[in-house]
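Below are two complexes that have subunit A in common, paired first with subunit B and then with subunit C.
Moving on, here comes the complex of A and B:
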């Protein structure tokens, strides 16, 4: 990969990020409104208290002043303070990030591994009962809205069978540490993780299947077979690595989206991650939190897109030379 | 599935199974404190009693901080709290409280009159948002450790009630004014029945019984407030016994939940209401007409507003738009205590009667002169089409609008609806750019704040910031203002109630703020683990999230609490272990099975 190719991609991403930073500020200010009035509706605040709150929220200048202040703050990697909690947005996001990363990380791993495996099996025996079964299954899960699937799994496993807790990340009455704490958290992780994994695996399976079917038309596979290679070897060594290319892109792009897209699943399972933080910030409305969260979400999508571009170029020489 | 993959899957299942069993083991090993778990829906914003605004904040403070005087569970009557007695002098301008002996904070430090005086004086001088409406005119002194003297600069009918949360001086004096609002207030030092033990953001708040509580240590060892972002899951958790009580039961599940054996559902009234507000701004107080909108001219006419009032079938709205939840209303309820709400005599009520509405409109000259079904302004003026603002943030708003607009159409009044979120609507109201909307209020225990919203000085006039006003009917009545000022300094309770009734009857007759229903808090609790739930006020109020939350300290466990998850955990653990072993031992299909004939279509692709 030439340095020129890499720097081009990196600068492209930085440009997008810069646009997002500017857009982010104005997006949440399109709707006219006074956060002080909304948050403190019904309180008989004195004028002095209102002014103090406006100052505390950084609303006492013109839009342009506020924008400049926002840029300067961002330059210092400071995302401001939450209107609601008055804690720094950075600390609020950092606290909510780990549950989401755990949830999304594990579920993405599961959905890619299982989804890709299903895609390979289905494509390799195209038209077989196995293919029909798998394709029907993956199409069904792909079509299922994740909040619906989440409720269904919650009702079956937590309510009817009662095997798993109804929500949250840990048992509030437990003071456990070490392995017992991990066991408790694992138990809480199973359902949300399963929901996301099942909701996303269909996409990987379908893309992998069609990609592999395309690859299987290639001459070099006929050659590989003609050489007398075993079927499994042809699949493993010659077909799958080439067919994986679009899936790699999809994984990278999806990872960025899933980070923000887990909102519904986090809400269903009361999972205290970034999705839940977004929901709470919209409800308030907590502009600094929303700005911070959208910046993180956009940055993650941009970052993983960049990663996909670079990975693609690394895996497929045609991309970097074209 | 290849052998390697099968081993991985089996191992995963095994790990899950072991994790579940380990969880059970952990549960079995821990001691079993008597735990009350309450499900709620919106996380704490801050634990700082000076600034938090959410209902959960107040629930935590009610448990953590005792007040100088308490309120009776049944009727909000002022009863002894940290102070056991009090007397007034100087025509009610000075109140002297005697505190109980040997009071202690939960950390063992003595709790004295100095803590009370410190809280009142600092809240006044530093302008603590949640305290100033109570302490703005009061100076406190502590002549000895058990005596607090309050001097008020104006007659204050709320006294001797002193319900601000007393904070520990030894903790708060270390926090400077500058860093005050950033103080997270998770010190866990309190004087109420429970104090903060552990808070995990986005998950739960755990509070433990305070051994130094002046009323004695509660029978419940710990209270857990568990956050649910999914209302249905909260209902499931209650049915399953993962939680003992829940706040904000979704209206859709409320009726069915009431039929479940062992669960009691509550429609807890705390004075909350929803109203149809009419923009009745009629030029007072004067404001810059180039910057503010104006209501439809017909709304300035009392007869027109009365006709609208006659066109609203509140019982039908409650039954059909509100799923039968709530009570059809007449007068505005200004306080949690129903004694402040006047009964409107039948002769003065605007009971649903479309015929009467039409007659009133005809008599007032609003005739349909162009024959299009919509009445016109007098003298062949324009069609009367009212701008009706629907709230996107309330599930009741749109169905209610369907009913109201169709009744208005029946009497010949046109409407044009548009949907707004609450932030936008606050702006629209401030700007006066609306004719009708339905929204609600939840008042405090004292009627003063709610009454103050409808004074002339709360009609928006400052175009630079029109959202700092609360009079969302834009109603200005000098007589109402005079009565407001009078009740504010009336120390005789019965007389003050009479003045408030007079104000609200006047407001009702003006027909600019039609109260549709008294909206309750929907709650539910299980009856199998605790007894002693208290409704505040008695018979009509909620059992939790009430004004002083007296239930918690009053609850007694029926039997020792058990971990309801344990048997399920065992079942789940065993299931996953079995699944794992099944996968591990399942025989691999023969190689022939793998080498199936290639399907015809695939063959053609070579």
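Moving on, here comes the complex of A and C:
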């Protein structure tokens, strides 16, 4: 992997980020009619107060002045204030980030590991009953809206069986600390995490299956078998590592979709993360909050795509040497 | 050309058409040999018939809560109608049947928008070289990286919730994948000998694109279309569930939104939250099965792998 390749990729991502920032600014300026009026609806304001508020929100001056103001504030990590809570958008997002990172991180780990394993089993015994069962299962979960799957799991495990809590991140009546608190939060995490994991493992299984089927036709695999290596060894050492490459890219591409899926799933389970914040901001509507969230979502997707490109180049010798 | 072909030999147009007919018959035969593809097709035809026959098998008046004052609230299927009623006494059956229209309409119309943008960008980026191509690909990459749902949410919030805007939002956010796929195919097609021959005979860009490139990538566009529709339908469902759909017309996503926010889960009103979800799963699965079967028939690379 030459330094030139890396810098090229990094600058490409920075270009995309710049595009998102410009796009983000103008999109919301086109939307917003008069935020001050929205925010203080039903209250009598003098013209002077109105002007002061417009200045405070950075809404006076020409569009170009506003854009410059926006960039400067962005440089200071100032994303404005929420219309609803009047707290800074940055602090709101920072508070909601951890629950989402935990949820998306653990569910992505689960869905990739289980999905890849299912894909390997299905491809290795192609056409068997096991293959047909697994493929039907993964196709069905792939076709389900993630929030509907969440509703079904909620009904079965929380309402009918009563094994798990119906929502939130912790039991509001308990004031446990330390390990007890962690155990309580883990119990609340199980259902949303399971929902996202099941909703996304189908795609990994399908891609892993077809990638492994392609790899199994390669000459080096035929050779490995012909020279008498055991089946499991051929699979583990020769086929699977090469077939994993497309899955690596898919994880990064899917990251954006998992974040999106988290919006609906978090709102079902009242999981206090970025998705739930987005849901609340849509219903309000709270434009500075939406703008900040959109920027965070886009920036993290760009970052993970860059990571995937670099990982791919590192893992695939054909890209590495060129 | 036609002057040379006079006499007993059939005209070039005739040859081309009979060849196309044969190719179509072969593709259809191949398609019929795919079991999942046929199942998907049958399910799809049934759902489309239900959507078209909605006025015959369901009552549109029942969607208006002011006209369902006499029906019981939260009635289970055994108490009222084929599928029970919701919190306002509206029968689920009528909502489900009319909802299929919105879900299919949004899925198909948004896909057409996405396919037109994706194909034009893909063909242009593949056919032209130099800066127009790199500019188009850069824009495609930007749209590929922007997370789809947040963008769709922002756009829907900006444009306002109605069916037309939902279609536009999903259409303009779903094209980049198609553009990339088609560009890759155009890049290989345009190096083929007959394109070079045509160019040597003095064909212009428009002729090359319309007569040689586009017909060669159109099977790919068709297969990609059937795989984009289910994604568009799922997107509509999610947008409606988040409250960004049309508040006046029921879609399956909005039914789920209303079921959830009106407490169907606590009441365990399974007749409310199961049917729309099953409908979505069936229509998405059907389109996916048809799309994969078409891909295997139409994509020469996959055809080789299968045999």
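Note that the second predicted complex is superposed on the first by the 296 of 322 C-alpha atoms of A that agree within 3 Å, B and C clash if a C-alpha of one lies under 4 Å from a C-alpha of the other, contacts with A are read in each partner's own complex, and residues count from 1 in each chain.
One rule holds in what follows: a residue touches a chain if its C-beta (ideal position, glycine included) is under 8 Å from a C-beta of that chain, and two chains touch if they have at least 3 such contacts.
Being a predicted model, the structure only gives us computed values, none of them experimental.
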| item | value |
| --- | --- |
| Which superposed partner A:148 touches (first subunit B, second subunit C, both, neither) | second |
| Which superposed partner A:298 touches (first subunit B, second subunit C, both, neither) | second |
| Subunit B or subunit C, by number of subunit A residues touched | B |
| Which of subunit B and subunit C A:268 touches, first, second, both or neither | both |
| Touched partner set for A:216, first subunit B, second subunit C, both or neither | first |
| Interface residues of subunit A shared between complexes with subunit B and subunit C | 31, 151, 154-155, 159, 217, 267-268, 279, 283, 285 |
| Subunit B-touching residues of subunit A, taken from the complex the two chains share | 31-46, 48-50, 52, 56, 84-87, 95-96, 99, 117, 125-128, 151, 154-155, 158-159, 161-176, 179-180, 182-184, 186-187, 190, 216-217, 222, 231, 266-270, 272-273, 276-277, 279-280, 283, 285 |
| Of all residues in subunit C, those that touch subunit A in their complex | 138, 141-142, 145-151, 153-155, 157-158, 230, 234, 237-238, 241-244, 253, 256, 260, 265-266, 268, 270, 273, 277, 280-281, 284-285, 288-289, 305 |
| Complex contacts: residues of subunit B adjacent to subunit A | 5, 16, 18-20, 22-23, 25-27, 30, 33, 35, 37, 42-43, 45-46, 51, 53, 127, 129-130, 132-133, 181-182, 184, 200-204, 206, 222, 224, 226-230, 232-233, 236-237, 239-240, 242, 421-424, 426-427, 430, 441-442, 449, 452-453, 465, 467-468, 470, 563, 565, 568-569, 571-572, 575, 594-596, 599-602, 605-606 |
| Residues of subunit A defined as touching subunit C within the complex | 12, 15-16, 19-20, 23, 27-28, 30-31, 139-140, 142-148, 151-152, 154-155, 159-160, 213-214, 217, 256-257, 259-261, 263-264, 267-268, 278-279, 282-283, 285, 290, 293-294, 297-298, 301-302, 305 |
